[in-house]
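Think of it as A, B and C in the order they're written, each chain with its own count starting at 1.
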């Protein structure tokens, strides 16, 4: 049995001189409230505030980071409890939990391990590492606590110190969970985010049905391009009224070239008539990013872009198990030319805020920092997904700060589906930023007082300010 | 008020064991003369040797690094004193200076901050950091010194310990300032560089007028391609006679594919007749890089290439304020295939020297170090522009040395427009190289005596030798 | 004269706290046997077990790392003893050795220097650094030892602690040296690897002759595509029978798109008839990678891919001196889309193992770790060629572990042509991995006991398991 302990100095630089500064910087931020401006937690979890299910259903089955690592070493998704279109699935949570525990060594050196350790120890007071020998003991230990009222979602939300949490929502959602939360006084704590990808990609199989539903929902005829954009504006207004601060856009490419009104109308009409060329669909998606920026200038919603991920790399996995099962893989992403039309139009407009994320870290020093370091509308989001790691965050600061400084970044954005990982992720980001700032202090490139101030800005003030509706 | 102090150990590694070695290595280079083989200081400043203007005109208005950071947080270029085509501009240098000082925190962690601190403290004996509270005091302090003779350009040149400074000049310049300097015994200290970009890009709006002027200046008919290249040769000769050591080429792409003589003549003739296809213009530019290499073999001028920057990303800014206002953004750059024709032709020619720079650091280990590590003509220039930073220089050495060693790099090249930043930039490069060498010593990968020798080579001998006319 | 000493702590992190942990981790692996699953040592060297030639013929002439560095500073290959098609070549090994020693400073900071120091000191007990002043003394010192029986290849093989060494072989080889070794009880120690590049690229000048020889060797008519693939299967079987564990594929692009059977047959037939379009040849090469994966599922050979190197960048050098003279340069490489067809077909097949290498480190965090972190068939090979360096290996672990963990990598693969560098390369990799693991321990991200276990896995268990025929 291996003990599970969290050292106070974890994830701080090893060099003693730097570490002592880092500790001081980290302490200035460790107890600040959590500002969670982008993530994928289901608002229903908080609206209903039911107890979480068993340990496997909480930690294993819904977490694609964890599933993909087990799959990479030969596990089958069905044996980990993931629904499959073609046959039986493991339903015993104890069996699933044991399979996870038996693969614990696979996570050595990964952020998943780091987040899980934090959650297990800090939230559930677990003191031994998962393993074949401890699986059943841990299961009981966690299950027992999950049954208690202080482990229900809202209690944990308060315990975590979350000040605000933004969910990500379908543009066709009427946001009923958010309405419930608002009625119960949680309207400022949980806000929706407008994510219209499905409507902007003409070639999605659901597109026609979605646009029909858009018409029904808004009472606006979406038979023409003009009606379509009016209906989108209406839905954005509904989100603003429900408290939304931002939109989010998950396009494969970053192209933002506007079409002429006539060309947009032609492509749209053809799509409504069932004729969609791939090149037209791609051009329309790029055009709509440009139009979303225009609408952000009008309604003040901060625009987030999360580009460059090829979803469902293995289509057979998608066919069997659906999306978000760990088979999403980054591709090289280009920003300088692709964002140029959008930035030309709106990059210096004081009504506009654009937050850009990437999983292609080669763009940090070459494109993203130079762009964010001059266009006032643009901020760099936190290192995303495969880069939301101790070394990934360090490389981000080292590559970006030279040209963009700290104040053209948003500070930390957790972007998690795993509610229980929220405090671990914020805590880790604060530690890594503390380590970076401490190195600047130790190398006499920054005063300690400035480092302390900057750390607080990165942890708290910059996320709030970057995502303030304009 | 925050003190502005320069620690003796600044920018050296924090780990005490490595730092003490780094200090020793740095001390071997700190007082060596400055060899400034590429930059954008105006020769007229030294030829006329007039007092610098006020602090804003010296530090703020002409420095695109500084302007872009202030713009990125909402400042307008016109409010910082940058001439605008459409209306009034701030003319009070005190107001501009205050605006800069109020944004001082934006520069935390940036090289701009580092260079400014060095300049303010070492040159002007400033001991408090800029800020809203100190802006006026600092203004007075600096302005008072600027009026003194020992703060005039030539006095500072001597005080900085500059041995030689290469300017960058239009191929159509008759180099009158250099002539003045030569007459006054400064001919070895300030030399021109031949930068013919405007003549090699058929699609520049000024091209026809420039080629006409080229004919006038040289007395060679530029009506044909043959005349054009003869005239270029003549101008290169004039630069050699004026002391030039090198040419410089700022192309967007790195292509160096030669055209056949007939094709080059055809494209040239069409351009003279006013017919320019974008593809032809790009091909001609690539062809001319190849021809410039040929001419370097003939006249011994070292050939510098600075590729991969998309200039004037926001055309509206260019239209209002002109070039070099901080809106130049890098693009991905390819070298292996693009430089192949040039290197095939001249890469092993002992008469040829090629110095390559990049703002795309992904090419360091993949393309540039492998190329420079085998072709005798090729050397890697210092980390350029957005990469001329403490961490950028460290990453350069870590990525490049494995394959290119130290002796296929040029050592430090400052490439600055800001005369006052020259000593800061050299000092910082010496510190960072000392840190890199110290790590090799501390990891027992290099002897201390070898590190000391290498440091001196990087700081002094390699720039001199790399840029020696061949 | 500079002493040549190997510090016990060389290549371990400089920070004392991390170093002491690194030392402990390294000690757990330093004496483990060497598992050499991919390299380019000639089996004949071991089959014949003759004494090595003189120091120049052993260290200088066959080592492209070393040649390229000397060439980059003006040496001519012919003056270093490399055969040339057009005239005399230096034949005096003492002269060649002196030229190498005179360039010793060029290798400062390079892995070549590190490997050479290790080999000179550990194998030959050299205690002074090469240099002009020591060249002759070193030559005598080494030559004297080379004459002794304990410096013959098999004696060194045993002394190095090599457990198994995989060579790389032509698909047309009858593997006579391996047969000799097998007869003498060395069959488990030296195994062949099937490298069919020449047969899969229709546009190689030797292709027709090679395919004719393939028919002769297998007795299968290669006049049709079906016969061609049958003959390839037969040759793979012969390699399996000779002990092969793996295939190896050195394609420029990573494309793995299968052609239809009809299209493959058409392209093949056209090529046999002498009609080869470049696009067809490229498509056929991609198709054959896909088919090689299919055959690996059948016969259990592990499939290695080494893509993205443009061979013989300067064709004049190739024409004069042949391949592998240091003029091979990486190009940007794409994996996410290129490997998709192969991974769709075989990426979750338990009979399949794919090991991917790259010289484009930008793909580590963006493509390779995400792919290897989910597809069970795929593992990441060790940092290759220009990246097989202390800092290259460190960057690999830092970029890859977050998403792929340690257990989706193969551990160390030496990939060397230089037999004497094998122990140095393994030792260095063990040191660098120890440093990486020690940092995780020092940052409280991993327990020391886990670090020790992981280090042994990376040094010994993972290479064995990754290359086990399936």
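Here, a contact is a pair of C-beta atoms (placed from the backbone, for glycine too) under 8 Å apart; a residue touches a chain by one contact, two chains touch by 3 or more.
Computed from a predicted model, the values in this text were never measured in an experiment.
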*When the Cα trace of subunit A is superposed on that of subunit B, what is the rotation angle, expressed as a multiple of 5 degrees?*
120
*Indicate whether more than half of the residue numbers at the subunit A-subunit C interface occur in both copies; give same if so and different if not.*
different
*Centre-to-centre distance between subunit C and subunit A (centres being mean Cα positions), rounded to whole Å*: 40
_Residue list for subunit C, restricted to those that touch at least two other chains_ = 15, 362
*Note which residues of subunit B are touching subunit A in the complex, please.*
2, 6-7, 9-16, 68-69, 71-74, 105-111, 113-114, 310, 313-316, 326-332, 359-362, 386-387, 389-392, 395
_In the complex with subunit A, residue positions of subunit C that touch it_ = 15, 17-18, 334, 336-337, 340, 343-344, 347-348, 350, 362, 365-367, 369-376, 378, 398-399, 401-408, 439-440, 442-447, 449-450, 453-454
